[in-house]
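Here come two complexes built around subunit A, the first alongside subunit B, the second alongside subunit C.
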Partner chain A sequence: MGQTVWACSIAIFSIGQLLGSLNFITTTLDLRAKGMTLMRMPISTWAWFITSCIGLLAFAVLLPACVLLILDRVAGTSFFVPSNLVVSDQLITQHSGGSPLLWQHLFWFFGHPEVYIAILPAAGIVSHILITSYRRPLLSHKVVIYCMMAIGFLSYMVWGHHMFISGMNPFSALVFSFPTLVITIPATILTLIWIGSLYGSNLQITSASLFALGFISMFVTGGISGFFLAQPSIDVYLHGTYFVVGHFHMVMGVAAIFGMFAGTYFWAPKMFGRMMNETLGKIHFWGTFVGTYCIFMPFHYLGLVGNVRRYSAFVDDYLAPLMPVHKFITIAALFTGAVQLIFLYNLIYSRFKGEAAPDNPWKATSLEWTVTSPPPWNNFGGKHPVVYHDPYQYGIESSSGDFVMQDSPERIQTVRDDKKLP
Partner chain B sequence: MSEAHLTVGGPSGVETQEAPAFAISHKKLVMWLFIISDAITFGALLFAYGYLRNATTDWPRPFETSSVINAYAMTFILVTSSFTMLVAVRAARAGDKGRAITWSFITVLGGLIFALLHIKEWLSLFGEGLRLFANPWGSGLFGAAFFSITGLHLTHVVGGCIAITVVTLGYKRGRYDQGDLEIGGLYWHFVDLVWMFVVPFVYLLNIKH
Partner chain C sequence: MAATLQPPSIAKIPLEVRRVKPFDSEAPSTGVWVGLAAITMTFAAFTSAMVVRQGSANDWRHFPFPTILYINTLTLILSSVTLQIARQGFVLTDQAATIAKPAMNALYGTLVLGCGFVIGQYMAWHELRSEGVYLSSAPSSSFFYVFTVLHALHVIGGLCGLLYVISKLRRGVLRRSTLDAASRYWHFMAILWLYLLLLLWMRI
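And now, the complex of A and B:
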């Protein structure tokens, strides 16, 4: 019963995601401010746009898969239930002939793009925040956008790398391994651009920028274990272990959440009209950053020595020496969970008692910072902004300081600092 | 073609909007995107069907000549209704409101006849012993695949009939314009196109021999 309700909720979620994607894509294409060409859109908006495109296609497969699963559970069909299946010591006799592998194919065809649905908005938010805190443009914002597109495109060709040990034809593992390794190229380029742009930057340390930099750290750490898992021969050993759990928590779990935290610290002043407390924010960052590494780095070690995953209790003798590591992880997890209370307190306290936020506290260039904090209803209060620049005009001399707002008609005459760099 | 503008911003709203990227209205863009997504949904179902069919040794092939003739009749009616929709959209574009409404309703009628023929066929197969989970001829997966694919398509046909009725009535009262009718037509042609894949894969591959 519970699982049927779960499957129904996922099916409804797929429909919701479809409608959301339709709305996002169409709005991005058809409802931009005057002068806002596609290449003048902030990278965060681009990331949402690409994410919506991925979601439009990925959830279209999850929906029928869930409907078939519901039919299996309530209508007596056996799409995914094989013959002679034994569940809880009982032979299932009323179902036969289905294929669990079919479910894996349908689910992971959705499931792998979903990983990028989770991480790309965070990557977009982080790019946006990094530009603002570096006070200089990224080495190339176009390459960032193209890399995100490439990741979105490749995400449809790699689902089989979740199924190396599923009983799928072993030869097809190679077919899925290759694009999986190819996908690391745009991901690496993204990382290099984020880190390389630090050179010659005037980095402003804020809670938002710390979480954005923390995102890069998580993305790299989790990404490197991805290289191992993309090899079928190594994955056969590691797939059923904690190594995989550590990998995906780092790269899509914690990294995506770091992106959300960064976005919250960055945009909370705009949303609520109150600044969040920076000291608490920095304590929250360091607690979370150290805590997450304490939780998930040992997972890799556990996986390498063969600690299987998906077990409710580790009662086998060979796992006994690993118990201290599990204890350490539990303590670290409790600590990291407790640190989140600081964030919760900060969010609620600042919402009501925080310092009043100016219109543009981060000296950012994109359109949301041209209106009051919080914004008037209807976003721009009936006025229609006109856009003259891309949102990457930092590190230049202008009347407003070292940046030019997107809606400022000011002509950019000074040579950018980064142009003088080697 | 209909152009929807953001009107909440006051009278100056129209000029300050960038021209739509692909010179089509946002409603039409949404419909195209929906069709892409829906095509993948049908593709996934057909993939599941092909996967199971290949993996099953006792896959039944139960369709008699009468079933195939019925499928051809349904195909003919659905393709004709696509054609009548085309006539309706062209009439609407030419400003002939009465003609457009008539042909739209003829389209809906075609869709309803298709649905009735389909249900009649379902009932006769049901009478022969075909169930969602079992049948007298072979693997029970046949009924599951057959009813889920044709069922999803039938849902689309019935949904399309309702949608076109609503849009046509709105068009009659001036709530919708000919652009909306065209978008309804887009969906209808898509439903027609999907049927072109269902007939060979589900019916013609499973003829008794």
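And now, the complex of A and C:
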């Protein structure tokens, strides 16, 4: 019963995601402001757009998988349930001939694109915030977008790396391992652009930029463990251990959440018209950063010594000596959880009592900063903004300082700083 | 700043601001392309599931199709034709679409034929059940019902789209891109059905 409800809710969720993607894609393609060409869209918007494209095709596979799963559970069909299955010491007799491997294929065909659905919006937010904090454009704004597209495209070809030891043909492990390693190339380029642009920039340390930089750290850490898992011969050993859990918590759990935190600190002034407290924000960052490393780094160690995942108790002889590590992780987790209370307090307190936010506190260029904080009715108060510039005109001389907003008709006169190497 | 924290109540917003429609755009027409991409992907996933499942055990059973299935196929194709006839009768400008009387009848014809298709499919399921072919009888029948029921649900969605077009037309405010979207979806349903019929016919 509970599992049926679960499957139904995932199906409903898929429908919601499909409609959401449809809305995002159509809006992005058809309802842009005047002058907002695709290449003038901020990277954050691009990331949402690409994410929606991935989601449209990924959830369109999860939904049928769920439909078949629900039918197996309530209508007596045998799509996935094999013959002679024993569940809770009971032989299942109503079903026969189903293929569990089929379920795995359908699920992971969705599942791998899903991990990029989780990370790309964060990558977009982080790129956007980093540029604003660096006060200079990225080495290449277009390459970032192309890399995201490449990741989106490749994400459909690698699902088998979750199934190396599922009983597939061993040859297909090779077929899936290769694109998995290829997909790390655009991911690496993204990281190199983020870090490379830091060199010679005029970095502004804020809570938002700290979380954005923290995101890079988590993304790299989690990505490197991905390299290990992507090789079938290593994965045979590591699959089903805490190493995998460490991998995806770093990259999907923590990195994606760091993106959300960065976005919250960055856009809260626009949403609520109040600044969040920077000191509390920085304490929150350092606590979370150190805390999450203390939690998830030991996971890799546990995995390497063979600690399996999905066990509720570790009573086996060879796992007992690992208990102190688990205790340490628990303490670190409690600590990190407590640090989040600072964030919660900050969010609620500043929502009501925070300092009033100026229209453009971060001296950013994109359209949302051209309106009041919080934005007027209809976002632009019934006016249609007109866009004249690429999204990231920083590090130049203009009447407003070192940046030109996208809707400013001002001509850009000086050569950008970034054209001269530092 | 504090005063502007709350969005103003809608009554305080001047009428001309409220009336601003963001853009007169192609959005419905684009949206339906995007939706069709998702639907294609869904049925592709079902197709691959069917191929894999057929090969994974020896319990596939073949059964003859009810004849009415072929009549339904003709009905659906005919409805696409009448829709095209109706479109000939539209007076299209860049943005709006209005229609002449006979063409309107062709549109109603599409609606009736579409309903006929759904009812016909229902009769097909009924016939199969009376022959003892149920959803859970064999993987082949499971897939047969899954494909046909889901397709019928999509057709019902298309019927709602047609109803929407008709109601907009009667009030004289149909946007051209809405018309394009609804008819593109309808034709796609016919094509999808032909594909499904071929697939099921080859495998079952």
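Definition applied: the second predicted complex is superposed on the first by the 421 of 422 C-alpha atoms of A that agree within 3 Å, B and C clash if a C-alpha of one lies under 4 Å from a C-alpha of the other, contacts with A are read in each partner's own complex, and residues count from 1 in each chain.
We adopt the following convention: a contact is a pair of C-beta atoms (placed from the backbone, for glycine too) under 8 Å apart; a residue touches a chain by one contact, two chains touch by 3 or more.
As the structure is a prediction and not an experimental result, all values here were calculated from the model.
**Student:** Is the arrangement of subunit B and subunit C around the shared subunit A a clash or a fit after superposition?
**Tutor:** After superposition on subunit A, which the two structures share, subunit B runs into subunit C.
**Student:** Would you sort A:S373 into first (subunit B), second (subunit C), both or neither based on which partner it touches?
**Tutor:** It touches subunit C, and subunit B stays clear.
**Student:** For A:L71, decide between first (touching subunit B), second (touching subunit C), both and neither.
**Tutor:** both
**Student:** Touching A:V386, do we find subunit B (first), subunit C (second), both, or neither?
**Tutor:** A:V386: touches subunit B, not subunit C.
**Student:** With the two complexes superposed on chain A, say which partner A:L29 touches: subunit B (first), subunit C (second), both, or neither.
**Tutor:** Once the two structures are laid over each other on A, A:L29 reaches both partners.
**Student:** Considering only the touch criterion stated at the top, classify A:S96 as touching first (subunit B), second (subunit C), both, or neither.
**Tutor:** In the superposition, A:S96 touches subunit B and subunit C alike.
**Student:** Check whether A:A356 is in contact with subunit B, with subunit C, with both or with neither, and answer first, second, both or neither.
**Tutor:** The answer is second: A:A356 touches subunit C but not subunit B.
**Student:** Contact-wise, after the overlay, does A:Q231 reach subunit B, subunit C, both or neither (first, second, both, neither)?
**Tutor:** It touches nothing on subunit B or subunit C.
**Student:** For subunit A, which residues lie in the overlap of the subunit B contacts and the subunit C contacts?
**Tutor:** In subunit A, positions 18, 21-22, 25-27, 29-31, 56-57, 59-61, 63-65, 67-68, 71, 75-79, 96-99, 102, 105-106, 109, 378, 382, 384 sit in both the subunit B and subunit C interfaces.
**Student:** Subunit A touches which residues of subunit C in the complex?
**Tutor:** The contact residues of subunit C facing subunit A are 1-2, 4-5, 7-8, 10, 13, 16-18, 20, 22-23, 25-27, 30-31, 34-35, 37-39, 41-42, 45-46, 49, 52-53, 56-59, 135-136, 139, 142, 146, 150.
**Student:** For the complex, which residues does subunit A have touching subunit B?
**Tutor:** 18, 21-22, 25-27, 29-38, 56-57, 59-61, 63-65, 67-68, 71, 75-79, 94, 96-99, 102, 105-106, 109, 378, 380, 382-384, 386
**Student:** For subunit A, which residues count as touching subunit C in their complex?
**Tutor:** The contact residues of subunit A facing subunit C are 18, 21-23, 25-27, 29-31, 56-57, 59-61, 63-65, 67-68, 71, 75-79, 83, 96-99, 101-102, 105-106, 109, 272-274, 356-357, 372-374, 376-378, 381-382, 384.
**Student:** Inside the complex, what are the residues of subunit B that reach subunit A?
**Tutor:** Residue positions touching the partner: 6, 8-10, 12-13, 15-18, 20-22, 26, 29-30, 33-34, 36-38, 40-41, 44-45, 47-48, 51-52, 55-56, 132-133, 139-141, 143-144, 148, 152.
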